[in-house]
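Here chain A shows up in two complexes: once beside chain B, once beside chain C.
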Partner chain A sequence: MQIQGVKENDIFFFSIMGRLDTQTYTDAEKQMMAWIEAGNTKMIGDLSDLEFISSAGLRVLLYAAKTLNQQGGKMVLFGVNDQVNEVFEVTGISNVIDITTSKDGAFSLFN
Partner chain B sequence: MSEVVRQQVFPSRRDELPRIAEFVRAFVLAAGGSVDHARRLELAVDEAVTNIIEYAYESIEEEIHIRAEIQDNELCITLEDRGVPFDPTQAGPPLSMNQENPHQHLGLGIPIIRHFADTLSYRRTASGWNSLRICRMIS
Partner chain C sequence: MKSMIEFAGRLDQVSAGMRWIRAVAHSAGLPAKQVNALDLALEEIVTNIIKYGYDDEAEHMIQIDFELSSTHAQLRVMDDAKPFNPLQVEKAQTLSSLEDVKIGGLGILLVREVMDVVEYSRDGDRNVLVMKTLREPDE
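On to the complex of A and B.
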């Protein structure tokens, strides 16, 4: 799993690549919470190269989204592949986190 | 009608999950399944094994016996452990997603197992083993 991010104006863009599962979720969680604690409240996540997600990975995304919501911020995800999207649908994650098909679509939710 | 069987015993540790995933993936592909079939079964098994490690064995290292078999285009993975009895086929819906603790168990793994398996069956054996059978058709 690789995770990286960059701030562009007032929006923080991040991407998660590879497998977000029981083996890797703690690293992803530490990094995401560090970005949030640094004051980023508007976050857009590119999941185009996320190949695999399990329930451990879902908990990281849920917790980050909830923390942002509590701070008046928001997280939007885009580029979700079919299997990851199926996991989002079956667990109900897609009902609590905004998911779009493109970066532009994600960006438009902040305007 | 032919049957191919592979079985292996794994320690119940999180760091064994990649080796278990590889065991499942290799079996599915060798049995004629697609990469998509492999990923789906791998995900269901990953969630079920995580439940065994964390809840059936309560993170104490024990053994998980895994048996993979194919018969008439149906691939089945059977997971056996001697931990706390738990029947995922009877588990309730996931808990609220408004949790305070990011590590709290939400029960999200159960709908994943149910969705990515075509059939799921559980039994507690007379000798005290949990036996969970996860099957998918590959035709």
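On to the complex of A and C.
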């Protein structure tokens, strides 16, 4: 798993690559929470290279989205593959986090 | 086709199990959707056993076997953790609002949704969980 991020104007873009599972979620969570604690409130996540997610990985995204929400911010995700999409659908994460098909689509939700 | 693996019930051993199931499911010729379903179900179950199943500090082993038949692919997970029937867990609700998010129970929900058949039995001091994903007729 790799995670990286960059701020462009007032939006923070991040991407998570590889497997987000029991083995890797703590690293991802630390990084996500560090970005949020640094004051980022508008976050867009690129999941195009996220190959696989389990419930441990879901928790990272849900916890980050919930924290942002409580601070008046928001997280939008885009680029989910079939496996990630199935996990999102089954658990209902797509009911509580905005998911778009493209970066532009995600961006438009902040304007 | 059959294959099996055994590893210690520790979180640092889980990735060996995940590599094994992906390799075995691939060589069985299963489509990506089923490889992913087996991978996911196994990770959720094994993680659950390790995090919640042991009451002591002793070394425990987890045994897993895979079997491919003409109708389905099957994983059987055997552990000596305390009795736990995932089918008796109240089914987690799908998420409806971020503020109400309860972080527990999603793993077991996923197992029950991505697998076609899940059967539990207790055999002596062992939990035995059988999970099946049915094959499409034209595979």
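The rule is short, and it goes like this: the second predicted complex is superposed on the first by the 111 of 111 C-alpha atoms of A that agree within 3 Å, B and C clash if a C-alpha of one lies under 4 Å from a C-alpha of the other, contacts with A are read in each partner's own complex, and residues count from 1 in each chain.
The criterion applied here is as follows: a contact is a pair of C-beta atoms (placed from the backbone, for glycine too) under 8 Å apart; a residue touches a chain by one contact, two chains touch by 3 or more.
Fair warning: this is a prediction, and the values are worked out from it, not measured in the lab.
J.: Evaluate whether chain B and chain C can sit on chain A together after superposition, giving fit or clash.
T.: Chain B and chain C clash in the superposed model.
J.: Using the touch definition from the top, say if A:Glu29 reaches chain B (first), chain C (second), both or neither.
T.: So A:Glu29 only meets chain B here.
J.: Have a look at where A:Ser102 lands relative to chain B and chain C in the superposition and call it first, second, both or neither.
T.: Neither partner.
J.: So in the superposed three-chain picture, is A:Val60 touching just chain B, just chain C, both, or none of them (first/second/both/neither)?
T.: The answer is first: A:Val60 touches chain B but not chain C.
J.: Both chain B and chain C contact which residues of chain A?
T.: 21-23, 52, 54-56, 58-59, 62-63, 66, 83, 86-87, 90-93, 96.
J.: Please give the residue numbers of chain B that touch chain A in the complex, ascending.
T.: The contact residues of chain B facing chain A are 14-15, 17-18, 36, 39-40, 42-43, 46-47, 50, 94, 97-99, 102-104, 106, 108-109, 111-112, 115.
J.: If you look only at chain A, which of its residues touch chain B in the complex?
T.: 21-23, 29, 52, 54-56, 58-60, 62-63, 66, 83, 86-87, 90-93, 96
J.: Name, in rising order, each residue of chain C that touches chain A in their complex.
T.: 11, 14-15, 18, 32-33, 36, 39-40, 43-44, 47, 92-99, 101, 103, 106-107, 109-110, 113-114
J.: Hey, which residues of chain A end up touching chain C in the complex?
T.: The contact residues of chain A facing chain C are 21-23, 52, 54-56, 58-59, 62-63, 65-66, 69, 82-83, 86-87, 90-93, 95-97.
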